[in-house]
Structure formats: structure tokens, C-alpha cells
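As C-alpha cells, the structure follows; a few thoughts come after it.
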């Protein structure tokens, strides 16, 4: 995504938006790419005590450079602990992971996510990787944050396959299914804006628009009915400091920030 | 137990008898005392590839001296692995432990064992330590070997408390209870002789008499009906070599062998 | 459900309730958690709480902390007797514990039975709430470490130990056979003694872990006593040696020889002389009082206690013993 | 039982049946298990067997063994796709695998999707037998490591992933809530790449273990490929570093750089050039043939392969990359 007039790219804006959601003194399960960038940015700005966890076993590393894989030696470089997936997933299950980051090929209005298949599971049009750790993070982390592209084929009425649980068919359904209480999708960050979920109905709700984006654009890129509040703030632009940290400290090679 | 005319003590005879039961290339879960002595003797005679395992996490040590505790650093001295109880008990549960050694305060004709209480559990006459690892070994090892003193108060019709399962109330009952198939008590070694269990009825059966012991003595020291075959061999006396190894290599200080 | 044990269900929480407790009470703040033993015990060992200790038998048991608990005269403790030997014996003898879950208690392995705690149970001063095996207890801790309500196990089945436990037997829907479910055990507080940790609580243990890998995660509050505090850098150099990460730990207390008279693998062996003295004295209530007056109430801290039990000379001997440089002598060997 | 997944139940055994297999087939004999890769794969990787590999994604994956399996043209393998990336991609592309259980497959993380294995599944050449999450798969291996029929877990619930798994949902008798039971997974054979082991198979791994601690115990047959073979003495010096004890291991194969083009923590980083070449070529069936002809069928062993991919110069570069001494370059960064 190219750099816009504001002097920052959409991907930089998304990284900063994601970063701000992460509270200090908490832990976040990250994957490679934007999530690790957002978490690093949070650590270097408002959340120095944010604990970064990787599902393959890396806990609390001092990242020397961006890891390529979630099992990469960078994920446990000068870490607090280099352990196992069992250990990390047990932490998640016992309530020690506050945030989990997910990507998605499709999402519906309850935040249910598909990363398994486009088309019929038995006759796949496009076979996707499957859950990986997504179902685990989406089931067990307190709050899941989804980062994805927004368009009509991705923001759909019904996902082709529920890989990872959102609020399923509505309020109370996660708990009925046996999933841990008070968990679920928290934010959806796209190239257009930031969405959350209505407390009562658990339906997706527009929270902020990225600079220059209109409500119309968002609606046109969503196949389901999005809750649109009367007042919609603008997603805060990255600060000078954030941009400097992103570009000079976290991803100087532009591995993620400069990818299309 | 004093040294008798044969030039060996009863405890030495028991150690040798126990040792002979342990096949090569197999594993044995041992406790401190006589079991570790018997296992060491087997390793130094007919079973060099016998693997010694301790429930606290020591696997395959090269014992420098007799350990006092099953969690003692001697139990993982130059070991193959120093791990956890979870790891060791998982091995047992998955069928990797061939022999388990147990002591007992009371035993019945089906090999059910009590190490929990003499008298009523709610108003104990004598409170004993409880299961420890006994229930685990007795449930999960392929063959359990019991070493204990034989008298009417210990070889009882009904144990005051089934701490560790023998054959419960008879053939097939272990399996019905959900315990692993084809496991159970294998031998009982006392100061008088060696007992096994009848294949069909699972009842305790006299297998050999220690030198100088009569059937009458055994019967008089047993409160239940023991199966007595027509021909009862004598427990083989320790060989010169066995005695030498026991006294000079395994327990030169007489920590166990010279205790009363 | 096919069958149900009648033991009292203790230290169990609905996993959702436990998760909420964790969310509200445990933080990932990398802060200096050092405090003295008095403060740590005062802050985290509450009267009536369920407590469990690291180690096994007389190995790597946090004895300095046990003495401090007695010194502070804590009451009505419920002790997880997961092979609880010297620790549980003293807590029952001193009147601090009123209830115990038993996998193995009341005995000192080769050294014989524990006169004091046996007396306490036989006289009804301490109640046995439930019976377990070592593996079953340890899998209860694993269930808690994993945030689960239970673990399936193939032990306990068919026995009175099961009947006196708080386990349940169900039919396994895969094999159709009976299987035992042991309930998770989430102690209110656990105390572990480790070889080294940093000021945040990142801890390393040398040798066997026994059940401490699970216990550290199962417990809600965790006090780590340590032989030494090392630089954070040293921990981060070998992150695969970390057994307990800092955010599980609530208090870090440096207590060299903190397991005495128990045994710290690679550092010092059992003090059989002192254990023998306890076993002898604890045959009577008067003896127990005498022991506690001398070694617990009568000393102001653990250093004074160490001097009293033989000081530097004794500690040097225990180190040599551990390194196999001198021969073991023990009162119970004389019998 | 409340609900049941419709995925095919694979690699499950009744725990009693598995115990009997162990009793008959696994021995504690301390014997030299060294053999070459050809022999190890020939002996333990049977056509039609269920196979799983150590490591994660492109990390510590036993690639030399994967190439050897392809070279021997094994057929109808069922692959445990527990985050199976380069390994499963190649096995599906080469026609060795006909079935896969999927936690994560068909993708190369940041590098993009896997053209070859996607094609294989989309065209029906490879069947997906069931769907899982990473944690669920890993807990299946733990269930097997513990000799259990299942593990209770709080994932999968409520999703199509559950419906396509072979799990079951039951009511937990303790909390009264629904809980998912994932069936144990006992692979017929597993292959793990480790940092070092002795001739008996006692193995050490540096850094994260991913699921290998569980997999090594879950699998019936275990091939260990290792960067180097060390003296038994070195293992016994630090027994708390042992991750796999010898009696689990059936074959020991020394293969330096045995994970290439994947990454061996502390030793060498990903070979992005080679992975990139594969991703580019595997866009067509012809490209797959071309790749396999050149790098698998066309070389007699792994050393020849290493020379072909860049030899000493490339390996030195990958070492420097791992040690952060040079800058990463990767085809996928160019896009």
C-alpha cells in the first residue's frame, strides 16, 4: 500500500491503530507480519511491559530483527523463555493471553472467520491453510483483533467455513458452545477503518474511518449490514514518533511495511 | 535380618529372588531400598540393559551410591534423562514400564494392597503414608512385584483399604474397572518364600520356599487360603557372585542390606 | 457419569472463574519482586488457604518458607500432600495445617514414619480431605496448568483410593472403556525453591523437575525462594533453561540453603543429623514444642537457624556429601 | 456425548492396544542405532503409513528425510499436517502423500500460499481427512504421549473446524459445561531433526521444542536425524537437557544441515533463495518435475544436494544470517 498524502501508508496507519489497542502489562499472542509490528510498536511507545508470545514457544523475546516465521530463532532471541506449543497454548487456555491477532479470508457480522476454504470444503475452489493457531487464539485469548482486507467477497453474509469462532450466531452462543466466557472478537482493522462489536447484539460496528475514507466506501465494501453509529471519528494518524520507530527501529528493511 | 547358615541373609536372598524376575531390555520403576538393590543387581548380572526409572524424574542413571530418596540427585546421576513426574508417569501409562516394585502393609489373596490405614479410614488406628506412587505402579506397570513381611496381620482376608489395585475381586475385574489390560500383581516376595498368582483364578499361589522354610510356616502366616501346588521348589540361594556384587558394589555401607 | 469419589473437592475452580481471576490478578509487569521471607509469607499465605510446596519428599523443598509459616503461626492451612514429607509433617505438627489432601504423607521414605503428623491425624487434629496417588495429584496440577476442569487418567480405578478422592469415573466415548477424571487442583498459593532466578522471577531448576513445572502454573500465587539471584541477562542467554517465567511469580526471595535440612540437587545433600533430631523429638508433643522453640520460634531468621544447625562446617559437609566426597552418616542407618 | 465431528478418525488406537504394541515392539536395549538415511526411511516409512515431522513451519523440519522419502517414491502416505509447510507441500507435490490431516498446510507463512499442494487438494489428488487447530493437534499428540484415548480441550468448539475433525463434545461432569475431547494421535512413524544425540538416540534440542516433546512419545517408530552425534558421556553430563531418551528412538541418522532449506535455530537460517525457487517452480506440474529431477531424483544423497544448492558458500551465508551478521535477502521481499 503506497504512502498517501499524509506522509504515511495505510499499512503504517493500520499498524499504529492495532498498536494502540494493546494495553500495558498484558500479553499478546502474535503471528508474523503486521501483528508483530504492532506489538513491537506498542512496546516501544505506550506499553513497555506488553509481553509478546509466539505459539511455537517463544515468550518475551528482545527481537533483534523481524522474525519471518513464528518458530524462527528471532522469536526467542534473548527471550524470557523458549518453551513448547503445549506450554504457550496452556497459557492461552488458562486465561493468560489478553490479545490474539488473526488474519482472515472471510468474516461475517458476528466476527466468525474463515481461513480454510473458498467454496465447498469437499470441492474447494481455493484451498486455504486452515486454522493454524487461529482457532486457538480466537477461542482462548480474551480479545481477538482481526487484520484483513475489506471488500464484498471478504466481508460476507455467511462465511464458507467457520474456521475460528466469532460470536457464532449471536450473544451467548460462544458460552453455550463451551468456549471460555467473555472472550471473542474485539476489533477488525482493515484498509478502510476500524470496526468493533456491539455489546448487546455482538454485531460488527464501525468505530472509526481512516483519513479520507467515507462511510459509503465502507458500506460498499461490506456484504452484511454493518452497525453505523451517528458519529464516527477518524482513525488517529500515526505520530512522527510512531513513524520513526516503525521505519527506523522495527522494520528498517521494509519487510512488512513496504510489501504490497 | 541376620545372616543364616547358608552364608547369606534373608534380605540378600530376597534381593536376589527379586533381581532374577527382571528381564533384560525392559524397564523397572523402582523405589528406594530393596527394589533399587534388586534392579542394580540385575543390571550387574543377567540384565545389563535393564532401564531403571524413578517416579520423580530420574531415568537410566549410573548410580554412584544408593539413593536415599526417589528424588535424590543420585537417581539422575549420569542419567540418560532428568525429567519430571509427568513424563515418567506418562511412560507408565503408555505401557513403557515393565516392572513396578511395591511395598505393602496388608495384602489379600487377589494382591490388593493397603498402604493407607490400619483400622477405619475415618478413625485410623494407624495412619500410613497412602499411595504415593504405589497405585500408579500397580495400575500401570505390566507386572508389579510386591516385597513385604509375611504374617497373619499382613496377609489378610480383606485389606482395611484398597490403596493399590491387585486383581480386585477376581479375574476380569481390573479390566472392568477400566485399568489397563493384562496388568496386575506378578510376584510377592516375603521372608518366607515367593508367591505368584494363579492364571485362571488370579488367586495368590505359593511358588517357592526360602531355604529352611516349610509350607506349614507359610500357611500359618497367611490369613487367607493360599494355593499350594503339589511340588514347591526352593528359592535359589544367592550365588557367590551375587553376594559379592551386593556387598561390595551395590550396598557396601549396608544401608539397606544390614538394616533390620 | 459412572461413579463418583466421596472425597472433598478442594482447590477446584470452574475454568472460566479461574480465567477471570487470572485476568484480574496476574500481570505481565516486569518489576522487581524481591522481598524478604517474612513479607512474602505475610502477603501471600493467608490463614485457611490451600497451599502446596515444590520438590518431592526431602528434595528441593522450600523449608525456609515452611519455617517462616510456622513462625508466623498461620492457621487452618489446607496442604496439598503431593508427596509431602518434611514440609507437611512440620505444618501438621506445628498446628498450622488443619486439613490435608494425601498422595503421600506421614512418612519419611527410608527413614520411617512421621510420628508427629501421624499423631495429628490419628487424634483428629488434622483431617484427611481426600486420597490420591502421586500421578493423580500431579495430573490434577497439570489440568490446572492447562486451564482445564479435569484430566483423564488410568489410575485410581477400582480402589478405595478412588472412593476417597474427588474424582469421577466416566465412559470414554472413544474406547467405550471406563476412565477416571481427576479434578484440576488450583492451589491458592505455592512455594517453590529454585537454583537461580532473576529479580523478576524468571527461574531455572537443575536436574529433575518433579511436578514443579505444572505446580508453578496451577497455583494462583507463587512465591519463589532461590539459592541465588542472577542477572536478567543470564536468564535471557539460555531461555530454554527457564522453567518458570516471571509473570507467574508474585514474590522472589533469596535464601541460600533455603531447602535445609532437605536436599538441593548439585548443591547440598540431606542433613540426616537434623532430620533425625526432628524424627526423634517429634515422637512426643513436648518434643515437637522443644524443636519448634529451638529452631523456629527461637531464631529470628533463616541465617540464625543455619548457624544453629551446624553453621558453615555443617554446610560444607553437606556440600561434600552431595559431591560424593565424604561418606553418608545417618541416625536411621544405625538401627 | 453431545456432538461428534465427522472427520475421519486416523492414527488413533485403543490405549490398551497401543500399550500391547509398545510391550511387543519397543525395547530398552542400549544399542548403536546409527544407519544411513536410505536405510532408516526404507525400514520405517512404509507405504500407506501415517507420518508426522518434527519442527514447525520451516523451522527444524527434517528435510533431508523428506527428500529421501520422495527419492524412494513412497506411496499413499497420510501426513499429520500439524503446521506442515515445506515438508507436507513437497510430499503432496511429489505424489507421496494421498491424505492429510490439516492444522495448517498449503501455505508458507509470510511467503504466500503453496501452489503445488493447493493444486493437489483442489484437484482431488490429495484428500483432506480432517481439520484441526494447532493446539488441538498438539494436544492429540499429548494424549498419545500420555497413553490416553483423548485430551479435553477448550478449542474447536462451535466451529466447522470441529465438525470436520474427529473430536467429540461432551458435558464436563465437574463444571456442567460443554468440553471438546480430541482423540489421541499415534503416528506410525515420526521423523525429528535435533541438534545433537548419541549413537543410542538420546537427543538434545536447543531453543523451542514446538510439539516435539510430545510427538517423540506419541509416534510408534521414531527416526532422529541430527546435526551431529556426540559421545554418550556428553549427554549424561547434563541429563536435564535430554528431550528424547534413547528407548523411544529406532534410528539415528547423522545429517549435518539436515533441515535445509529450513532453519535450524542457533545454526543456520532459512535459505530463502531455495524456498523461493521451489515456490516459483511449483506453480506448474512441469516445474515440480523439474525441481524434483534436479534436487531429489538427480542427486545421490544429501551432500550432493547441498553442493547443488550452493555448497559451502551458501551454508556459510546461512550461518552468518542466523548469527545476524548479514542482511536477509528473499525473493518474496521483492514483490
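First chain written, first letter: the chains are A, B, C and D, and each begins at residue 1.
Following the convention adopted for this analysis, a contact is a pair of C-beta atoms (placed from the backbone, for glycine too) under 8 Å apart; a residue touches a chain by one contact, two chains touch by 3 or more.
In this text the structure is predicted, and so the values were computed from the model without any measurement.
Colleague: Among the remaining chains, which ones contact both chain A and chain D?
Modeller: Correct list: C.
Colleague: Specify the chain most distant from chain B by Cα centroid.
Modeller: In terms of C-alpha centroids, the chain at the greatest distance from chain B is A.
Colleague: Per the centroid of Cα atoms for each chain, what is the distance between chain A and chain B, given in Å?
Modeller: 58
Colleague: What is the distance, in whole Å, between the centres of chain A and chain C, each centre taken as the mean of its C-alpha atoms?
Modeller: Here the centre of chain C sits 41 Å away from the centre of chain A.
Colleague: With chain centres defined as C-alpha means, what is the inter-centre distance between chain B and chain C in Å?
Modeller: Averaging C-alpha atoms per chain gives centres 28 Å apart.
Colleague: Residues of chain B touching 2+ other chains?
Modeller: Residues 58, 76, 82-83, 92-93, 180 of chain B each touch two or more of the other chains.
Colleague: Residues touching two or more other chains, restricted to chain C: which are they?
Modeller: Expected reply: 15-16, 147-148, 153-154, 177, 179, 207-208, 239-240.
Colleague: Using the definition of touching given at the top, classify the network of chains in this structure as line, ring, star, complete or other.
Modeller: other
Colleague: Show me, using the given definition of touch, all chain pairs that touch one another.
Modeller: Chain-chain contacts present: A-C, A-D, B-C, B-D, C-D.
Colleague: So in the complex, the part of chain A that touches chain D is made up of which residues?
Modeller: Residue positions touching the partner: 32-33, 55-58, 64-65, 68-73, 75-76, 82-86, 89, 92-93, 112, 116, 121, 124-136, 139-140, 161-165, 168, 173-174, 176-180, 253-256, 259-260.
Colleague: Spell out the part of chain C that touches chain B in their complex, as residue ranges.
Modeller: It is residues 55-60, 81, 83, 102-107, 109-111, 113, 118, 121-122, 124, 128, 131-136, 138-139, 142, 153-161, 164, 169, 177-180, 207-214, 263, 265-266, 269-270, 322, 324, 327-328, 330, 333, 335 of chain C that touch chain B.
Colleague: So in the complex, which bits of chain A are touching chain C?
Modeller: Touching chain C: residues 25-27, 49-51, 58-62, 76, 78-83, 90-96, 98, 142, 180-182 of chain A.
Colleague: Applying the document's contact rule, which stretches of chain D touch chain B when the two form their complex?
Modeller: Touch residues, chain D against chain B: 15-16, 18-23, 26-30, 144-148, 202, 217, 235-237, 239-240, 242, 245-247.
Colleague: Write out the stretch or stretches of chain C touching chain D in their complex.
Modeller: 1, 12, 14-16, 147-154, 168, 170, 172-175, 177, 179, 181, 183, 206-208, 239-240
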